[in-house]
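Structure in structure tokens, see below.
Each chain gets a letter, A, B and C, in the order it is written, and its residues are counted from 1.
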């Protein structure tokens, strides 16, 4: 393809658009990000190190990773199932199902925590049953996991559905007509086609799982070194006027997010040849 | 009463594709356990206070002002993101330039950064002694503790929704159609307006509605920059917190139900439109 | 091949965190006890010291190791968490009402809990003072100065913050004394809140807005928080102004009997709270800028705490139950002064 194909805008327009995109991203995203790092490192590297290795911070990091490690795979399984059902099949009430999948996006984080309190809290529907059996859900790890699953619920499915809709089902139909089983088709045809979208969804769900604040705050109980996730630990530090440490832990989350996102970009880039080869 | 028992009724016609029973079953089960059952609690809770009590809590003048602010700010923010999100997605997909990968990577930042951190960082920047605020405030453009601050926070929260829904579709868009249009003498602008825009419109609509719905319910990032003055800068989720603070769970649930229904209706209409459009064009 | 790479990436993402977080359980065994203290925001620093001192003392006296789990947050939110099942052995909250509600809704401690420990179950007190910027540029001396035009007042939202309720009642008390009637009091607080540009949801948020964002001329704050802010947020940047009249804030403490019984911690929980009343406990309390109850300790630190005429919640406002309903419930006084269409504070 030649550089000056009529499909390309003129150079001036192109660079103008790129410039605006950069400016917008800088104002909306990079400035806050920069602030986080600036505030985090203002006290020096030693302060930063101390803030992220101190025992309460360590337990918050551990808890955050644990919660994400449980919540994300569950939502991957769900996302794959939902996307398959919605994009490869036709049934009534499809818009309703789609909307219900989107719903957690639109539920206020405050409410997404509250609903689990109303369900499992001491005054809730199952509260006394659980209490009699000594099972702790709210104000313990299971409650935090549930709230996290709720807020990350749509991410994988939402990433896959538009992609799989766009791809259609001709590849799968071809495989099936050649005698492949359903599982084989999914495994050898669908999965390779959607792998980047899936990875994307996983990364996003993971990032959101680690960063969720509002919902988790309602169900956590805020016990220091025990049920505080990283975002909650940040709030604690901030409320202790320990701004440097608060931003240090925040910067760790930001780094975590950036690393996974860069990782994704690298993977994508290294396998671009393979993608192009399969392109339809 | 398993999900599988429901399936024959949901099935429109026998499809050649296998796995509907299994995948739809898993989807419905998981959906019911994680989303529907927990969400039903707010409906039951708010039903407990009757119609009058419900409207007293959810329909007060102050609540109305809060809905207007939450949904209004979310709408403006989603609109801004619709324009600039499309632009960012376009640049990311169509052009190669130094820093593209970086640009692509940071778009997801709002998903990852805890909302409270975002709120604090934005307040730091846009308050009257902050980096941007100190420039704008003397010009008579205060942002923090005003509705404008709320919009800024919601723009931050909503940006990835638009970019990430539009990007994959833009990527899949076949260039042949565009080429054909150009060959037939269409200008670049006509091609964009008549060919590209209609193709990505459903994705744009989805991105817009997700950003809007998410923005309306957002709490963590907004609460720091909002100012929280009743009737002026008090967002609806804060009212829910306020009700809880008085141990008025039904009142809190009533406001939650109102917000939920508005978002749900809007998402449903949009999804229905899209499915309908796809069927028609198929 | 590609699929394998993908799977590897996926499983790596999933497994790496899992592997890193096995083990690390807190031991509850043997001759040790563990107390969960559910407290409100401003006591973080106080209880860190109290816990250390009490653990040492208990170890020496009873030979038992005691460790603490601390939970801090807004007083009302914390009270709700206990109602919803957070199994606190002791609660140390911002105002009596928040513990009354726990007693009423859960029955896990008796309704007369406040009579069980000395001095209304409040081992320390505080009051509401003004924090102003260095040199007091707006010359703020007393409550009357807060309603002058052009003075911006920072206070958290009384609907969501316990501390802000004390602020509001102190202001009401002044308005009533100065004007001689409830109507005058209402006029005063209406004017006062018209001068408030931002309502943070909690006390610490309001302090940050005032100190870090540079908003407002005066912050209404707990006395102990004002001292802390002065120390933590830049010495010499702020001054404390004691008004002519304020309110006696009594943050109460209580054992949640049923929870403590269940955990087998009744004895140590009770001893823990009583420790707060000992001279050693009272010294720690004074060190963290709360006003001690013990006359001797109080006398020692008298220079630090200005003499202010103090109203009390029970004598002047008929107790927390009545005050909450009248002032802060839906449709209460605070709602009526925060202005709807009638007052239209902002443009539409």
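Throughout what follows, contacts are C-beta pairs under 8 Å (C-beta built on N, C-alpha and C of every residue); 3 or more make two chains touch, one makes a residue touch a chain.
Chain labels with UniProt names: A = Sulfate transport system permease protein CysW; B = Sulfate transport system permease protein CysT; C = Sulfate ABC transporter substrate-binding protein.
Not measured: the values here are computed from a predicted model.
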Checklist entry - Chain adjacency by touch: line, ring, star, complete or other shape? => result complete
Checklist outcome for this item: Between A-B and B-C, more contacting C-beta pairs sit at A-B
Checklist entry - In whole angstrom, what separates the CA-based centres of subunit B and subunit C? => result 36
Checklist outcome for this item: subunit A to subunit B, mean C-alpha position gap in Å, rounds to 15
Next on the checklist: Where in subunit A do residues touch at least two different other chains?
Outcome noted: 124, 203, 238
Checklist outcome for this item: Touching two or more other chains in subunit B are residues 124, 241, 244
Next on the checklist: Where in subunit C do residues touch two or more of the other chains?
Outcome noted: 83, 105, 205, 212
Checklist entry - Taking the complex as given, what residues does subunit A use to touch subunit C? => result 59, 62-63, 65-66, 68-69, 72-73, 76, 117, 120-124, 127, 131, 138-139, 187, 191-192, 195, 198-199, 202-203, 206, 221-226, 236, 238-241, 243, 260, 263, 267, 271, 274
Item to check | Interfacial residue positions of subunit B with respect to subunit A in the complex | outcome: 10-13, 15-20, 22-24, 26-28, 30-31, 34-39, 41-42, 45, 84, 87-88, 90-92, 95, 97, 99, 101, 103-118, 120-122, 124-125, 131-132, 152, 155-156, 159-161, 164-165, 168-169, 172, 175, 178-179, 182, 188, 203, 206, 209-210, 213-214, 216-220, 236-237, 240-241, 244, 249, 252-253, 256, 259-260, 263-264, 267-268, 271-272, 274-275, 278
Checklist entry - Which residues, counting only subunit B, touch subunit C once they are in their complex? => result 57, 61-62, 123-124, 127-130, 144-145, 223-224, 227-232, 238, 241-248, 251
Checklist outcome for this item: In the complex, the residues of subunit C that touch subunit A are 1-3, 5-6, 9-10, 13-15, 17-18, 20-21, 24, 26, 36, 41, 44-45, 69-73, 78, 81, 83-87, 105-106, 202, 204-205, 207-208, 212, 228-229, 232-233
Checklist entry - Which part of subunit A faces subunit B closely enough to touch in the complex? => result 6-7, 9, 14, 17-18, 20-22, 24-25, 27-33, 35-36, 39, 74, 77-78, 80-82, 84-85, 88-111, 114-116, 118-119, 124-125, 146, 149-150, 153, 158-159, 162-163, 165-167, 169, 172-173, 176, 181-182, 185-186, 197, 200, 203-204, 207-208, 210-214, 230-231, 234-235, 238, 246-247, 250, 253-254, 256-258, 261-262, 264-265, 269
